[in-house]
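Okay, got some structures for you below.
Two complexes follow with chain A in common, the first pairing it with chain B and the second with chain C.
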Partner chain A sequence: MTTQKKNPVRDLMRNPLAQILLFTAVMALLQVLSSAGLISSSFVYALGNTMIYAVIAIGFCLLLGYSGLASLGTAGFIGLGAYAAFYVIQEFGLPYTVAFLVTLAVSIVIGVVVGFISLRIEGIYLAILTLGLAEIIRNLLMVIKSTVKIDLSNVKLFGIQIGDREAYFLVLVTLAVLMWLLSNLINSPTGRAMLAMKNSTSAAQAMGISLMKYRLLAFVISTVFAAIGGLLYMMFVRNMTTATSTLLTLSTSLNILGAVIIGGAKSPWGTTFGVFIIYGIQSMFLSKIPFFVKNPAFITMVTGVLIILVVMFFPGGFAQIFAQFTGWVRTKLRKGAAA
Partner chain B sequence: MSSYSQVERLRRRVELYEELAVLENAEKYGKKARGARQKLENARAALPSTGLTLPEGVVLDVRGLCMYFGGVKAVDGLTFQVKKGEIFGLIGPNGAGKTTVFNCITQFYKPTAGTLHFENKSGQVVDLNREKVHDVILQGIVRTFQNVEVIRELSVLDNLLVAGHRQYTSNLVQQALHLPILRKEERAVRERAMKVLDFMGLTAYKDWYAFGLPYGVLKKIEIARTLMCEPQLIILDEPAAGLNDTETAELSRLIRRIREEYRCTILLVEHDMGLVMDICDTVCAISFGKLLAIGTPGQVQADKDVQAAYLGGDDGEV
Partner chain C sequence: MAAAFLSTLCGTLLSVCITAMAAFAVTLIFKTSTTTNFAQGSIAALGCYVTAELFGAYGVPVCVGVIPGVLVGVLAGLFVDIVIFRNGRNVNAVGKQIITMGLVSIIFGAIPLIFGNPESIPFEPFFNPQKAGVSPNFIIPAFGGEIVVTRHSLICLAITVVVLGALFLLLKYSKWGLGVRATASNEFTAELMGINTHVITAVSWGIAGALGVLAAVMYAGGGTKISTSFMTTVQVNAFLAGILGGFSTFHGPVIGAVCIPVAASCVGFLANFPAFSGISRWNMVIVYVLMLIVILIRPQGLVGKPVAKKV
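Take a look at the complex of A and B:
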């Protein structure tokens, strides 16, 4: 029996805050490298986009992985945030913080409504219902205004003029903060209460967990995250033609669902990784193959195949693959040290 | 006006501060504890009186309890009293309505008719029918389930922390920011959980995921969870189902130990007559939702109606 040596590096890496700071540093470095001309700017643009999806996906991770509630309405909630940003910033000329607060308020209201519905309807029916709701939202938004476009030329945040680079950092910092809040929540009584609710509603209730409170909370949080995603999208990409954009359609909701499943529904980091796989493969790899460029519908097929493979062989997603791999490496190392 | 759940929350805060004042030997917690105690007393004074009383020594009074599902009368006018500190067995043939009685007491079902009066852990008599299902635990009533409902995705220790859910007083913001108060609270609840695990002999399993653990251990986890929240009345739904003879013998010793250690009342449904006759102080036999007999195990065993219900009546057969 070897005594467990204190390993400060490993202990540090297990701290969620350190993980988040490291992630932020790497992402910031990539942007800096791109400014210096070492990395193509389209790569960094794709990264920024992917991080926006990561914001949306980690919120969904809490809903699906922890609370066990299925929703296909993510895209609609993204739309709420995007339109709130457009009206507040572009039409009324108000600052970003106001847009943020409005997005928050709108998404909380919608989250509460859907949460109440989830108390009556469960499982696949809830998914269908949220899908319908998202379509209603999308069509409403399309009727209200078919194209939304934000001009950032006089939008400032904390006195800083927002351009491409600032928008990238805005996305990055938002993702980091939300990731921190979420991982704190997961590792607290709230996260455990949600898991209890997912596993057994009767046991959860017997132990004093109010289904109403935690279902509402799960829906509110995931809706807020999705709407913030929409807001960030408007800050980063800045325009969206609702009729032709796929952002507010079912395919986005499915991609997010896919990312959460592939990455590991109970791990925000796994989920982020899943988003990078799904959107990264799309924007960096598949978009360069002529066949997929001609038939974009087949891109979804790749995602589908990935989901099938993961669900069949690694139901815990990439988080599970990673854990198994590190475990395997560790035993190999230990054997090597013993020999 | 204040509600019982507010009072409970304040009480936990006071406990936590007092604990911290001793642990960290810090005067600021002593001050906070006194402030919280003052608030607690105010809230207690503002708590509306229920105006209910129970006879001396009675903890639970079930009167005229009825639970109908459409035309099915699962429980039909059942009346019995559970005395403080006793082990009370509810027996009856399959489908007699035993679990339904439990579900009514814990408010999983709202009874069609009847009253359920209970003396909670702070000595107040409450009408359980007015409690929400997730607030029943605050009164000191905890239960286990017939088909073990352990949270499989959590470790054994975390399962106990979930059971201690209402012991936490920190709000959502404090949790999302992982403020020191949450971390301290977490440590206090964890310590309590470790004590319970030790008491149950489950310490070795504390970091194991509940998924895949042997059935006997899962049953123990269920019982361990009931001990996390200062129970006044523990309701066990078929604790011996699926256990072998050795495990059953161990269980009966365990149930007695729980009663001694935690000074609580235990209400159980069980088919294992050996266990019931061995440990129960009072046995209540029901059939088709109606009371057959109530008394000491010997009395109930000798009762003609009970024998008929279990073995078939002697009307015309012989």
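Take a look at the complex of A and C:
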């Protein structure tokens, strides 16, 4: 065994809280640079949009990667959050914190319902059933109100007027806090119980792990994250036409699932990167390249090809690619040092 | 009232046919490749675009143009299985789902690239009543009223019955059908028994693609506007029909596919009674909720057998 030299920088970077703080600092810096006029505001807007999907995806990461439960109902849960935000803030004129609590309450109830369903129906059947649930929610919301629009001019949070910039920071802070909560949960007995449940329900039960408790918990958490995503969407984008928007359709649920898979189902950072690939890369980079501006259809095709290639050759997703790459670099460095 | 009700039921004939075809295709893929094919709808749309392009640009009637369309569907299906699935490194069931999802992105990008982005695409039913100079509807007097059936839906019913009937016979009596059933029950054992599972899955993907395109052409012929995502609703209903009927048999999903549109039209028909006048807005919500309840009571589906779990 080789003795590892103490490397304070590396130790710090392995600490989840330090990673999250670094991420937050970088993202905040980008917004500040944009305010100073160094980065285009559309870039930062796309970044904020991507981070909303990241909130939803890391919740789904817990569900799929740690509990082994597949759901296609994400879009419906996003819709619940978005409509809760609309009714509380716009129709009743209540503050953001109330909207947050209402979203939390609604999504916990729905999460518990889906969790109970998951005790009876499993696997692909559960996925299609949650797809049906999302369709119910979407149709319901469409009948209730076809277009929701929030006017933020008199919405304040902690005495601060919320505008474009503040909404960005709201998204960023929410993502950071949720990421921190999630990384603590994953490394706790709860996270390990979920992993045990994913690998074998029978073995987990034999070890005294209650399937009901952890399945409900997993569904509640992922539903809450998705609903918060919907709430943030309403704060950041501010309007949605349910009938024509693809946000509440199957494609969003699939994209979130895709982001989690190509990012690496067991890694929240990988998932965030996967979201960036699926949602961010189009609006942030490809739309700047003249070739893609001329042929926007190629952008969707490139994303599709990328997804297929990653799934075909790297089942562990980008997390696996990074691990292999850093391993390769490290062996090269070690050889270089030896020579 | 009876005549009006029968008319309503006849009105759903077309969507019953389309959903049944899509549901059969989805089941075939599910059983041979253990994945849900999310690209079912977009492959169907791609084939339908080919038929529409032939009709619009070259004047090829749809009843002829459907053949190249179906061929494109077959090729797309074969491509998925032979080029993508077979070359992937230990791709699991969720991975396959994601691959079909990536395929949706590619097709959604490819369609406007190949066919442009027109506002509306001209299309006609298999048998164009305007050209032949006959009424598009059959009117049958019965029960003191009139039952209205469109020609197109009758033609589609005939096609569906023939195609699905032939497939069911093939499944039951042909070598291929035996192979499919063996592969469905256990792919590895089937391979050990000397069944070429690669050919079986490839042929299944080809058939699924063909059925999808046929359904799409029927759907578009019924007057639905063609777009890249116009088959998505059908596809979602086909999945739901699959679990409503139960994926464990082949006829279960088809029964489920009949139930969903019929239930929707029955709920819609209730709007004729004053007490339920506002119900049609809630149509799909009610149907989906009913379906959810049925599935919760019978998780194995309407005609499915409960699956014993191995520890």
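Note that in this section the second predicted complex is superposed on the first by the 313 of 339 C-alpha atoms of A that agree within 3 Å, B and C clash if a C-alpha of one lies under 4 Å from a C-alpha of the other, contacts with A are read in each partner's own complex, and residues count from 1 in each chain.
Following the convention adopted for this analysis, contacts are C-beta pairs under 8 Å (C-beta built on N, C-alpha and C of every residue); 3 or more make two chains touch, one makes a residue touch a chain.
Computed from a predicted model, the values in this text were never measured in an experiment.
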State whether A:G37 touches chain B only (first), chain C only (second), both chains, or neither. neither
Between chain B and chain C, point out the one touching more chain A residues. C
When the two structures are overlaid on chain A, which partner does A:G336 contact: first (chain B), second (chain C), both, or neither? neither
When the two structures are overlaid on chain A, which partner does A:K266 contact: first (chain B), second (chain C), both, or neither? first
Could you tell me if A:S202 is touching chain B, chain C, both of them or neither one (first, second, both, neither)? both
For A:P290, using the defined touch cut-off, is the partner it touches chain B, chain C, both, or neither? Pick first, second, both or neither. neither
In the superposed arrangement, which partner chain does A:P8 touch: chain B (first), chain C (second), both, or neither? neither
Both chain B and chain C touch chain A; at which residues? 202
Please give the residue numbers of chain B that touch chain A in the complex, ascending. 106, 108, 132-138, 142-143, 145, 149-154, 158, 161-163, 165-166, 168, 170, 172, 175-178, 182, 186, 225, 229
Note: in the complex, chain A contacts chain C through residues 64, 70, 117, 120-121, 124-125, 127-129, 131-133, 135-136, 139-140, 143, 202, 249-251, 254-255, 257-258, 261-262, 295, 297-308, 311-313, 315
Per the touch rule, the chain C residues reaching chain A in their complex are 30, 36, 38, 84, 87-95, 97-99, 101-113, 232, 236, 239-240, 242-243, 247, 281-282, 284-285, 288-289, 291-292, 295-296, 299, 311
Under the touch definition given earlier, write down the residues of chain A that touch chain B in their complex. 181, 184-185, 187-190, 192-193, 195-196, 198-200, 202-211, 217, 266
